[in-house]
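All remarks here apply to the structure that follows.
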Amino acid sequence: MHSTSELIDIALKEDIGHADITTENLIDADSTGTGEIIAREQLVIAGLDTASQVFQKLDPEISFCSKYSDGNTIEPGKVIAKIHGRTRALLMGERVALNFLQHLSGIATVTRSYISRIKGLNVSLVDTRKTTPGWRVLEKYAVRVGGAHNHRMGLYDGVLIKDNHIIASGSITRAVEKIKRNISHLVKIEVEVSRFNQVKEAVASGADVIMLDNMDVDQIKKAVQYINQRAIVEVSGGVTDESLVLLAQTGVDIISAGALTHSAGSVDISMNIKGSRKNNVTF
Amino acid sequence: MHSTSELIDIALKEDIGHADITTENLIDADSTGTGEIIAREQLVIAGLDTASQVFQKLDPEISFCSKYSDGNTIEPGKVIAKIHGRTRALLMGERVALNFLQHLSGIATVTRSYISRIKGLNVSLVDTRKTTPGWRVLEKYAVRVGGAHNHRMGLYDGVLIKDNHIIASGSITRAVEKIKRNISHLVKIEVEVSRFNQVKEAVASGADVIMLDNMDVDQIKKAVQYINQRAIVEVSGGVTDESLVLLAQTGVDIISAGALTHSAGSVDISMNIKGSRKNNVTF
Amino acid sequence: MHSTSELIDIALKEDIGHADITTENLIDADSTGTGEIIAREQLVIAGLDTASQVFQKLDPEISFCSKYSDGNTIEPGKVIAKIHGRTRALLMGERVALNFLQHLSGIATVTRSYISRIKGLNVSLVDTRKTTPGWRVLEKYAVRVGGAHNHRMGLYDGVLIKDNHIIASGSITRAVEKIKRNISHLVKIEVEVSRFNQVKEAVASGADVIMLDNMDVDQIKKAVQYINQRAIVEVSGGVTDESLVLLAQTGVDIISAGALTHSAGSVDISMNIKGSRKNNVTF
Amino acid sequence: MHSTSELIDIALKEDIGHADITTENLIDADSTGTGEIIAREQLVIAGLDTASQVFQKLDPEISFCSKYSDGNTIEPGKVIAKIHGRTRALLMGERVALNFLQHLSGIATVTRSYISRIKGLNVSLVDTRKTTPGWRVLEKYAVRVGGAHNHRMGLYDGVLIKDNHIIASGSITRAVEKIKRNISHLVKIEVEVSRFNQVKEAVASGADVIMLDNMDVDQIKKAVQYINQRAIVEVSGGVTDESLVLLAQTGVDIISAGALTHSAGSVDISMNIKGSRKNNVTF
Amino acid sequence: MHSTSELIDIALKEDIGHADITTENLIDADSTGTGEIIAREQLVIAGLDTASQVFQKLDPEISFCSKYSDGNTIEPGKVIAKIHGRTRALLMGERVALNFLQHLSGIATVTRSYISRIKGLNVSLVDTRKTTPGWRVLEKYAVRVGGAHNHRMGLYDGVLIKDNHIIASGSITRAVEKIKRNISHLVKIEVEVSRFNQVKEAVASGADVIMLDNMDVDQIKKAVQYINQRAIVEVSGGVTDESLVLLAQTGVDIISAGALTHSAGSVDISMNIKGSRKNNVTF
Amino acid sequence: MHSTSELIDIALKEDIGHADITTENLIDADSTGTGEIIAREQLVIAGLDTASQVFQKLDPEISFCSKYSDGNTIEPGKVIAKIHGRTRALLMGERVALNFLQHLSGIATVTRSYISRIKGLNVSLVDTRKTTPGWRVLEKYAVRVGGAHNHRMGLYDGVLIKDNHIIASGSITRAVEKIKRNISHLVKIEVEVSRFNQVKEAVASGADVIMLDNMDVDQIKKAVQYINQRAIVEVSGGVTDESLVLLAQTGVDIISAGALTHSAGSVDISMNIKGSRKNNVTF
């Protein structure tokens, strides 16, 4: 039922295939060992539970222990988690578990750094739908771990009226009117605008949220002033390291940034494994 | 049967859920339109076929046309592909198709830039298993598109004997011996070593490939000289923008770099949609 | 990707199993025929596309033709649709197609009769989550076909704070505050209340929608007056044939009724099949 | 392997989607509580095990306790079951569990009332294939819980020769002959007839069961007399509250009624949840 | 929906995995060719449609042509089928298609030889549930192709009361009585007996079929005489090349033989492929 | 994740379908019992773990105990394993578990007999891709249990250049060259040849393995002499009981034989079940 579980299954299948031919031929089935997952750079950890699930799918008896929780900052060299169980499971799950951890922590780490720069400003940072296919729920989770918020999860849980929708409906007014008649009363309506006269029409139409798309800082300020709390104001597009604070100071309510998910890169995390046999002879 | 097809299904499901509530309420089911996918920066394109499949799953009648093939370098502002079909399918597939294209082209673009710097040197650049879970086949494809080669696909199609395997077996010699007895005669054996005396033992054991792990340039040169064509030599670890050429000049056969896949970031690609109604009144 | 398609697969599998042992032994594989689906009582039709898909899964060459669209009222005795194709597919799909049509049209027919009774009153009728497991999307579609609207699709696309959520948070105020910090800015917040002082707190908390649960008509009127457009007002519980109009006249914005989906019963629809052999000798 | 388990998965997925956004934001993950499922009208309970599975899928540690078994009559106001476990699981499973219980108990309750009216008459009441797609096994189970029997499960476990099969074969005689040559010797053959001379031919053909379709009471009596134990006699069609006893008194062996499954409606069952925190402070 | 299609998918996936690395690197994607499937010994062909599906899954444009139908005897050296399409699809589907054809034709060939030896005797030869897991429907089909009949398909479409069932119920009489009350009136009841007094009880109980288990020829004859058409008589166990005709002459109605499916072995079939390029230059 | 588990699910589903109608109606749900799996002929056992899994899927509490391990030779009449748990699970899993055991042990037994005849000769016996669709991993496992080795698992983990690949590439030399450029450095290249001049070209091309296809013993010897350790030599085709030793004495490194998997037939294994009720009254 849980899509993360399905993604882990896919990941293990694509890595292991019919067998880990090295490990199954060289490591005894009943050999046990301990693995240490170690931070190789400063990072905000995300995905501990996912990494734990990876190993548990390979050995239900495995134990996965960590002194940290998702969202903690971890210094380089620190042991993130200790895993104890069958050596085969440790070796077969290592790469997949690290691939999850490195990717999710990469997102959390980048998000945290963005957040730290707009601290104190009355603005919310949110992600977009620019996520890695198959990873929507996980990456949006990592964004929250990093301290930002989520925009809609997908096309199904929020209305965002874009230029094509407006053209097809004739006008912003008619688009908002039409969609109000058809959607659940629990869903808000956001309209994407790129010119000031559209801002006016969007406010008049009763849109709940107005997204200012690729406007410059002066245009944004003017729009915020005009809207004057009658709708939530979101700014989108061109959010970079440089522009972030400037945008945050315009008075908008929300800044959405695709870079949180699509370009975070992975952080450096590795795993050491120490084996021991049943008879406690360390090897 | 094709896992790319399954990943596309997952991606569409996680984005669309029960419905694109904006589009289904505002765009007529029989409205058709044309979308243009446009490069926003210079890039090596990868994933055209995947992007095409995204739209075809939403509208089997859709046409997806491109003047480019995977591997072509595309200049900013150029139209990568034109898609014609139902407007709903264009709007519902846009984000997912771009998410695939941006990620895969990101990998191909980075790989191409690495490759260009070791051109003329007699060395092969390969990827690793540090791929995004669920994306192994696609990302390794993008690496080939960028001009590099693939290491093993997973734990199932190549033997890589690491330190834990060596310890569990007693020695490199015994590990290689044991595994030779058990695996298919079509699979090669690679041994990971980190010290010079291990290099010697690996050669003596008859390993087909020797991976020098985290050795410095001088150690690598010494190992290459010692091995002297008796095994393929791979170097791994610490491959960065700076170290790449130095490593390539050591005489090793193969350099493996996780960064090709785990930290490529996405390139900037967008899509414009122009609708037209059945009655040919452009809107 | 479409869950309706999956439900049809399940339905065909549970009915046909390893084979339709009667039909496969008595009807030639190349025999073709025509089926007529006929209304046996007055009904509002819903599910034509689903019924068509049932037959197309059994014979991709089949044609399914109807003079009606979902939402049309059909008189008893009228031919709803004609299906032409392999006789085996007609016989094997008949029961499953009718089971879909009868159930969905039952919901659309009941919904239409509810709607007809509140016509002219400024109130919206919506469904609930009391749907048949596996049928959420289809049944909510049939409700729209019948002329009513949908409440949230599930637990994921709208916030509804109930008594347990309130108790766990300490108060309505704190619950609304807490959830506002965490959810997407595109999702509205509804609070379920059963006493007047809760109505006051809900309004003050900034809830977007207030659900009056099991209040009597006088309490509802008082609440509506107090809320005075500061939130959308929904009334729920005890919606019956008798109470419907009374509730609609209280001034609430929305009435939600589980009976639309959980107790509609099926309408009477049957199918006649006439075969013809390849050589055009009618049998 | 068990299709009920799959249907529960589908039901939870369609209700919960990516998350219960209210509960996950307001209820602590480690909060536990107790739910009481309560009968709101007199009913014959069916589906206790299914309801229990719903909660266990959300929290494997949950306990589900009932003083009743499927088939018991429960008076209004009585507690059907108590569930203890994580509050989140209680809240997220509540609606799905009730949807199963209400639907299945609706069928069992209606079936029981039919059965009570033909008590003492030497006739068997059976269901049909007019079941809710996806629910065949569960609904036929609820029919048995209510005291009636099952007709064949699907097209695969019994032969029922209908008019189209007869026409395609040339005659009842030839149809029965042909199918006897091809099917397993463990499957019986039923022939559907609507005229008296067909009854004669069906008996002569050696059919194991004869279904009298839409005949009036006099015709049925005449057929029963003629058949005189040489085949099992089933009557089908037009079974209503009024006609049931009349049909049961004609001497037929079996009455089949689609209404048991397709129009039972759901019975009224609700759930109250009381939370408690880890530290035993009831809230 | 069709389990054969699923088994083909599994078979292709386990053979091809992530890629046919030889073919994809050496054969152009647009190269086409022709394959000939050839009988290497005399055989009864079964599985032509399955083999055709294998290739069509790899190349929907492929044509598969045969002068034979399942059940035909084919002499060694004859071309069973010609397949024309993409060379890659021919090479990638070859082994899987042959594996299906060789296995199914092996069963059909053995079955035909059994059948030929009991020709003219008034007895039916049937299979058992001793089939290859995953292949039930296909192997039972091959048995019919070979000229024998099927016993029940599984545990769900026929009652077979064995010793454990009898012991648990107290006696044959009570077992038959109990099950008659519970199962569909369309399912027959078979009782397995191994002693003559059990034969008597089985007849008296009203069993539809009596299976004589591991009795010798004289006991069987005595049982057949006693039963005297009051039940269908099946003999099972110890059916070998030698015993087959002797058993057939005892007067039993049915002989069941597990060897038809579990020990048939495969027949020798091979495939030759001739390629041609787009430009019609044969290679 | 484990395909054996999936195959067991399929096998149980195809055998049990919606229910074991005999057992569920005659055996109490809480009745427990003990089953003994017994060898009916001398055999090499394979598949104990698979058989155990069959029962555990039906009753997680079941115990499966054996004095043997896969690969042991078992004498006729010996008890292979004892299973204790719910009687229903024993009866419902019996046939499927035996079908797995009989098939896999059949392969292990045949393989062992082949191996015993080439003992002492310096040659390896391997299987082929002529396996039962769906069973690749299991059957290759049984081959190893029997003492032989595995060829490549599928088209994905080894390169085998056949005549069509050679023709398409122009020559063996060009085929080997081309593929070396494209595949992972961990995969070996095998070339299939049928004439002596091809042997020469294959050696010169640097192929890792050379497969001599359908050559006679003298040609094989000549080839072995010529190759002289420069490549691994495999012989394939026409491996029969008679030819096996002759081929083994030619000096080749590897003999591959399809018969190990495609024609092993099943060995005779049966199961006795003894029930006991909760109250310890043996029945």
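Chains here go by letter, A, B, C, D, E and F, matching the order in which they are written, and residues are numbered from 1 within each.
The rule is simple: contacts are C-beta pairs under 8 Å (C-beta built on N, C-alpha and C of every residue); 3 or more make two chains touch, one makes a residue touch a chain.
Fair warning: this is a prediction, and the values are worked out from it, not measured in the lab.
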item: Pair in B-F, C-D or E-F that repeats A-C, with over half of contact pairs matching by residue number; value: B-F
item: Between chain C and its twin chain F, rotation from the CA superposition, multiple of 5 degrees; value: 180
item: Chain F against chain E, contact positions shared by both copies (same if over half, else different); value: same
item: Length of the line joining the C-alpha centres of chain A and chain E, rounded to whole Å; value: 52
item: Rounded Å distance between chain D and chain E, as computed from the means of their C-alpha atoms; value: 34
item: Distance from the mean Cα position of chain B to that of chain A, given in whole angstrom; value: 21
item: Whole-Å gap separating chain C and chain E, where each centre is the average of the chain's CA atoms; value: 45
item: Contacts with 2+ other chains: residues of chain C; value: 3, 14, 16-19, 136-137, 153-154, 156-160, 182-183, 187
item: Of chain F, residues touching chain B in the complex; value: 124, 126, 144, 149-153, 156-160, 182-188, 190, 208-209, 232, 234, 253-254
item: Chain F contact footprint on chain E (complex, rising order); value: 3, 6-8, 10-11, 14-23, 25-28, 31, 33, 87, 91-92, 95-96, 98-100, 102-103, 106, 129-137, 153-162, 164-165, 167-169, 175, 178-179, 182-183, 187, 262-266, 273, 275, 283
